[in-house]
Amino acid sequence: MQLYAHDLEIHFGQRRLFQIPQLQLNPGQRIWLRGANGAGKTTLLKILSGLQKPSRGRIALHGEANPPARWRSSNLLQGRIVYLHQNPYLFDGTVEENINYGLKQLALTVDEQRQRREQAIELAQLSDLRHSSAQVLSGGERQRLALARAWVLRPAHLLLDEPTASLDCDSIAAMAGMVDELQRQGCGLLLTSHQHTALTEACQQIWRLEKQQLICETQQELSA
Amino acid sequence: MQLYAHDLEIHFGQRRLFQIPQLQLNPGQRIWLRGANGAGKTTLLKILSGLQKPSRGRIALHGEANPPARWRSSNLLQGRIVYLHQNPYLFDGTVEENINYGLKQLALTVDEQRQRREQAIELAQLSDLRHSSAQVLSGGERQRLALARAWVLRPAHLLLDEPTASLDCDSIAAMAGMVDELQRQGCGLLLTSHQHTALTEACQQIWRLEKQQLICETQQELSA
Amino acid sequence: MNDGMLSVFQQGIVLLFSFDPDVWAIIAVSFSVSLRAMAIILLPAILLGFGLAVSRFPGRTGVISLFQTLQAVPTVVVGLIAYLMLYRQGILGDLRWLFTQNAMVLAQIFLALPVLVSLSYGAFSSGDWRAWETARTLGAPRYRAFLTLCHELRAPLLVAVIAAFSRIITEVGASMLVGGNIHNVTRNIPTAIALETSKGEFAQAAALGTVLLLLALFINFSLGSLRNQQEGLRRG
Amino acid sequence: MNDGMLSVFQQGIVLLFSFDPDVWAIIAVSFSVSLRAMAIILLPAILLGFGLAVSRFPGRTGVISLFQTLQAVPTVVVGLIAYLMLYRQGILGDLRWLFTQNAMVLAQIFLALPVLVSLSYGAFSSGDWRAWETARTLGAPRYRAFLTLCHELRAPLLVAVIAAFSRIITEVGASMLVGGNIHNVTRNIPTAIALETSKGEFAQAAALGTVLLLLALFINFSLGSLRNQQEGLRRG
Amino acid sequence: DPVIRLATTTSTDNSGLLAHLLPTFEQQTGFRVQVIATGTGKALRHGRNGDVDVVMTHAPAAEAQFVEDGFGRLPRQLMANDFVLLGPSSDPAQIKHSQDVHDAFRRIAQSRAGFVSRGDESGTHMKELAIWQSAGIDTNFTGYAAIGQGMGPAMLTASEMGAYVLADRGTYLAFRDKLQLEVSLEGDASLLNPYQVILISDRKYPDLNHAGALALSDWLISPQGQQMINDFTIDAQPLFQATYKVAP
C-alpha cells in the first residue's frame, strides 16, 4: 500500500509552515525526515497519519481493494498508518495493557495476540516492567513501550517522531531491531531524528524540510 | 554554595534503584550524569532538587549564612536548585509569560526583569514566538523555552534532564551558549544526556549510575 | 426532636432494614425515576461536554455559559416549566403524563442535563489531546477513542455523574409539582421527607434522609473500586 | 397560567428592571447569604480537594466517598441538622441564630462543602503533577504553586465553583427551615418562589425564577472571559 | 378507568383522615384514589386545568368563584373542623380573659405580643386575614410576622418566638408535643372551617373520570361516609365533624 499526499499546504494564522506539491511513501521504504527545530516535521507526520487536517490538500492510501480514503472520511488510515508521538502518551494502566490496546482492535486469535505481545515485550526489553504502571516509566522506557505498542499492529506505514531522542545505545539497538523487522515485512517507515543512529543509517532516502519545502535526497548523495 | 547529599537511597517497592553514600556539587562545576535507560538519573535529579523525597538520606545547601536546609523543610532549595524536566511542562500562556513565571519571584526591578527576559528570549532564539501560546511549540522549541525559563533565575545549581534530546545543531549551540554563561557566573551544572554534544564536552566530571551505585570519573580518564 | 441526632440515625438504619413495604416503595420510586433520567442523558450529556471542550465554533463560550447558567434555575422553576409543558393545555398535555413517574423523569432530565454537560465539559477541558490522538492512530474507531478518553478522565467524570445524580435524587421542588407526591405512585424519598417535615415528623424525615444517605454510601463504595485504580496526578 | 412561557419570561424581565424594592430585597438576601457561604468555604474546600487528589493516606478513598455521598443528603435534611443545632435547646442554641441570615449561611455551608470538595478533587485528579513540580523548582512557594495549578485547571475548577454556587443559590429546603422565609429578613429567591408556587401563583414564581436566571447569566458571562483564554485540550 | 385523582389540601391528608376513609371506599367500589395533597390554591388550579377528577378544599370564597367560573360542579359541604388560637402558656396578651376571637386578636395587637402569620394565602391564612379585618385591625403592627410557610413551620416559629398563631386543630394535634404552645382560644363560631368536595365540569373536560369522581362524592356524603368522618380521632379527640345536609 502506497501512502500518497497531494498538494499539501499548512498555515498557522499568517505563517505558512510548508507547501508540498506531492509526496509518496512506498512499502518497505525507510526515509529520514530532517529539518531544523520548528520546521514542521511533527506537523507533517501528523498530517500524513490523518491526525491533523492540512490547510489544503489530501492524503490517500493506494493499492488496495477499497477506493482511496479521504482524510478523516473513515477509519482507513487509523491503525494502518501509525504515528508515534515525540513525547509518547501512555494510557493509564500497566505496560501490558498499553500494548494490548491496539491488539484488541485486530481480528486475531487470542493465541496470536499473546504471541505478538510477548514478542514485543521481549524486543522492547520491558519484561521486568510488564506489570508496572506505565505512568512511572523512565523517559527511555516510555519510548520503547510506545514503539512496542505500535509494533504489534504490523502497520502499513509507521511514522516515528524522534524515537531515539532519549535512548541509550542498548535501547537504540532494541528499537532498530524492531524497526528492521517491520521493514522486512513491508512496512514503510518515515522517521525524524536529530541524531545519526542505527535507525537512520539504514534509510534509503532523506527528506529535508527547508524553506517551507520538502527536498528529497538519497543517502548516497548525502555521503558524497 | 555547595549542594550536598548524604547517604541517599531510593526504593520503589521491593526494587532498590540506587544507594549513594555521599555526593557533592560545587559552584561552577559541570558534571555529566550518565546511565542506561531506567538507571535512575531522572529520579536522582529530582531528589537533588528537592522535588522528590528519597527513601533515606538528606540534601543540604552549604556555604551560606542560613543553616543548612533540610528536605522540604522550607523553600530554600526551590528557585536556587532548578530542575529541568525531561519533557518540560509549559504553563498555559504565551512564551513570554512562561519566562516571567520565575522572574516575578525575585527581588528585581522592572528594568532588570525586562533585561533578563529579553536576553533569555534572544539566546533561546524565541523572538519570533514570544507572543505565541506555549502549547503549540515544537519539541525543540519547548526545550529551549524551558531552559530560558530557568536561565533567567540565575540559579545556584541547574539540573538538566536530557536538555538536548530533540534539538538540532543550532539549538544545541544556543543551549550551550546559555549554559556556558551560567557556568561563568558560578552556577553548578549537572546534566544527563545520551548523546555527546557541545554541552557534555565541557564537563569536567562524569558520574555514572551503574549497578545501583554512583561512580565518578573525570573526563580525562574517560578519553584515556 | 428531643431524641438527638444519633437516635435519628439509628432509626434510619432500622427503617432501611425493617423492609417496611411503604419505605421500599418510596425508595423504588426514587431510584427508578432518577436512574431512568440519568440513563437517558448520560451519553448525550457527556458527548456534549466533550464536544464543547474539544471543538471550536462561533458561540461556543455562549453555549457553555448557558449550560452553566441553567444549573442556577431553581428546581421549582424547572418543575414549573415541565408542568407548563405537561398540563392539559401544555404542548405535551396530550401525553397525560402529569402526576406520573414519566413526568418526574422529564423534569429530572431538565435538572440533570445542565449539571452533567457543564461538569463533563470541565473534565474534558483539562484532558490531554494526545490520548485521543494515540487511540486513533492505534486503530481505535472514534467511539473507542472517546471511551478511552473517558477512561483516562474517569475520576472527574465519575465525580460529575455523582454530582448530577445527587442533584436529582435529592430534588424535591420539581418532583412535588409534576409528580404530585402520590402515595405508592410518585412519592419518592425527597417528597416523602418534605411531607414528614410538614407533618412535624422530623425524626421520620431524618430517618428517610438517613436511608438515602446509606444507599448513596453503598453505591459510592461500589463505585470506589473504579476510582481506586487511578494513582494520583499524571507524572509523565 | 394561560399566558404561556414567553410572557412569564417577559414578566421576569419586567420584574427585574422595575426595581421593585420587595424583589430587590429578596435578591439581596439570596446573594448576600450564598456569597457569604461560598466565600467562607472556597479556599478550604478547594484545598481539601487538592489534598485528596495528590496525597496518599490510609482511608483516603473513604474520605472521598464520604464527600461524594454527602451531596446526596437532601437539603431539607441538611436544614434539619442545622435546625437541631440552632434551636433553643441545640448545641448552638445560645447564638440565637435561628431565623436569621447567619443560620442560612451555616446551612448553605453544609450544602456547598461536599459539592465543592468532591468536584475540585475531580478537577485536580486529572491534572499534571509536573505543573506543580515546575512551579516549585522555579522558586514558587507552595501557595503560589497551588495557585498556578489552579490556574492551569481553571476550566474544571470554575465549573466546580459554579456548580456549588448553583446548588446553594437555588436551594429551598434548608433556607426555609432555618431561615423561616421571613419577609425582608430571610426570604430569598427560592423560598419566595416556593411561597408563590404554594399559592398557585405560578406566573409570579416563574418570573422570580427568571430573575435568578438573568442574574446567573450575567455573572456567567462576566466569568466567561476567564474561560475564553483556555484553548482546548493540552497538546504537549 | 378505576383511578380517581383527588386534589386536596394537606390538612386532610396529613391528619390521616383520608387514610382512614379511602380504603373502605376503594374496597366497596373498586376504584383507586390517587391523592394529590397541596395548598388550596394549587388544588383548585389543578381542577381548573382539568388535571384532576375531583377536589376537596376549605376556602369558601375561592370555591364559589371556582364553581361560578364553570370549572366546578356539584359542590357539597361534607365536613368541618375548627381553628384554634395558640399562644405561650404565660399568655402575655391575656387572651384567657377575652370574650371572643375578635377581642383576642385586638389584645394581641395591643399587647405587642408577637403573632406569626402563615402569609401563604392558604385557607388558614385567608381565615386569619378575615378575622383581622372584621376586628378592624391593620396587620402592620410590629409583632406581626408573615413567614410564607406551611402550618407546621408556622407553629414551630411561633413556639420559638413565644408568639401567637392561628392553626387548624388537626395539624396542631400532630405537632403538639414539639411545641411550647397551648390553646389560648377555641370554640368560637367564627373559627369554623368548612370543607367542600367539588366535581370538575364534564362539559369542559369530558374525558375525566367523572363516574369515579361522582362515586367518591356520593360515598363521602353517604351515611357510612359521614359516620366514618365523625369516627376519626387523634389521641381520642375527634377532628372533623360531618356536616352534610340534604339540599333543601
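Letters A, B, C, D and E mark the chains in the order given here, with residues in each chain numbered from 1 onward.
The rule is simple: a contact is a pair of C-beta atoms (placed from the backbone, for glycine too) under 8 Å apart; a residue touches a chain by one contact, two chains touch by 3 or more.
None of these values were measured; they are calculated from a predicted model.
Check every other chain and keep only those touching both chain C and chain E; list them.
For chain C paired with chain E, the chains in contact with each are D, in label order.
Top contact pair of chains, counted by C-beta pairs?
Greatest number of C-beta pairs in contact occurs for C-D.
Same or different for chain C and chain D, when you check if over half of the residue numbers at their contact belong to both copies?
Same, since most residue numbers here occur in both copies.
Report the inter-chain centroid distance for chain B and chain C in whole angstrom, where each centroid is the mean of the CA atoms.
Roughly 48 Å, centre to centre.
Can you work out the whole-Å distance between the CA centroids of chain A and chain E?
So the centre of chain A lies 79 Å away from the centre of chain E.
Hey, how far is the Cα centre of chain C from the one of chain D, in Å?
One centre to the other, that is 17 Å.
Which positions in chain D are in touch with at least two other chains?
1, 87, 128, 130, 152, 177, 197, 202, 230, 234-236
Could you list the positions in chain B whose residues touch two or more of the other chains?
Within chain B, residues 87, 136-137 contact more than one other chain.
For chain E, write out the residues touching at least two other chains, lowest number first.
Where chain E meets two or more other chains at a single residue, that happens at 38, 49, 150, 153.
Run through the chains and report each pair that touches.
Every pair of chains in contact is listed here: A-B, A-C, B-D, C-D, C-E, D-E.
With touch defined as at the start, can you tell me which chain E residues reach chain C in the complex?
Contact set of chain E toward chain C: 5, 10, 14, 34-38, 49-52, 150-153, 155-156, 171, 174-175, 178, 205.
Going by the contact rule set out above, which residues of chain D touch chain C in the complex?
Chain D reaches chain C through residues 1-2, 4-5, 8, 53-54, 56, 61, 64-66, 68-77, 80-81, 84, 87, 89, 115, 118-119, 121-130, 132, 152-153, 155-160, 162-163, 165-167, 169-170, 172-173, 177, 189-190, 193-194, 197, 202, 205-206, 208-210, 212-213, 216-217, 220-221, 223-224, 227-228, 230, 232-236.
Using the touch definition from the top, list the residues of chain C that touch chain E in their complex.
1, 87-89, 98-99, 180-183, 185, 195, 197-202
What does chain E use to touch chain D in their complex?
38-39, 41-42, 44-45, 49, 119-122, 145-150, 153, 157, 160-161
Chain D touches which residues of chain B in the complex?
46, 49-51, 75, 78-83, 85, 87-92, 101-102, 105-106, 133, 135-137, 142, 149-150, 153
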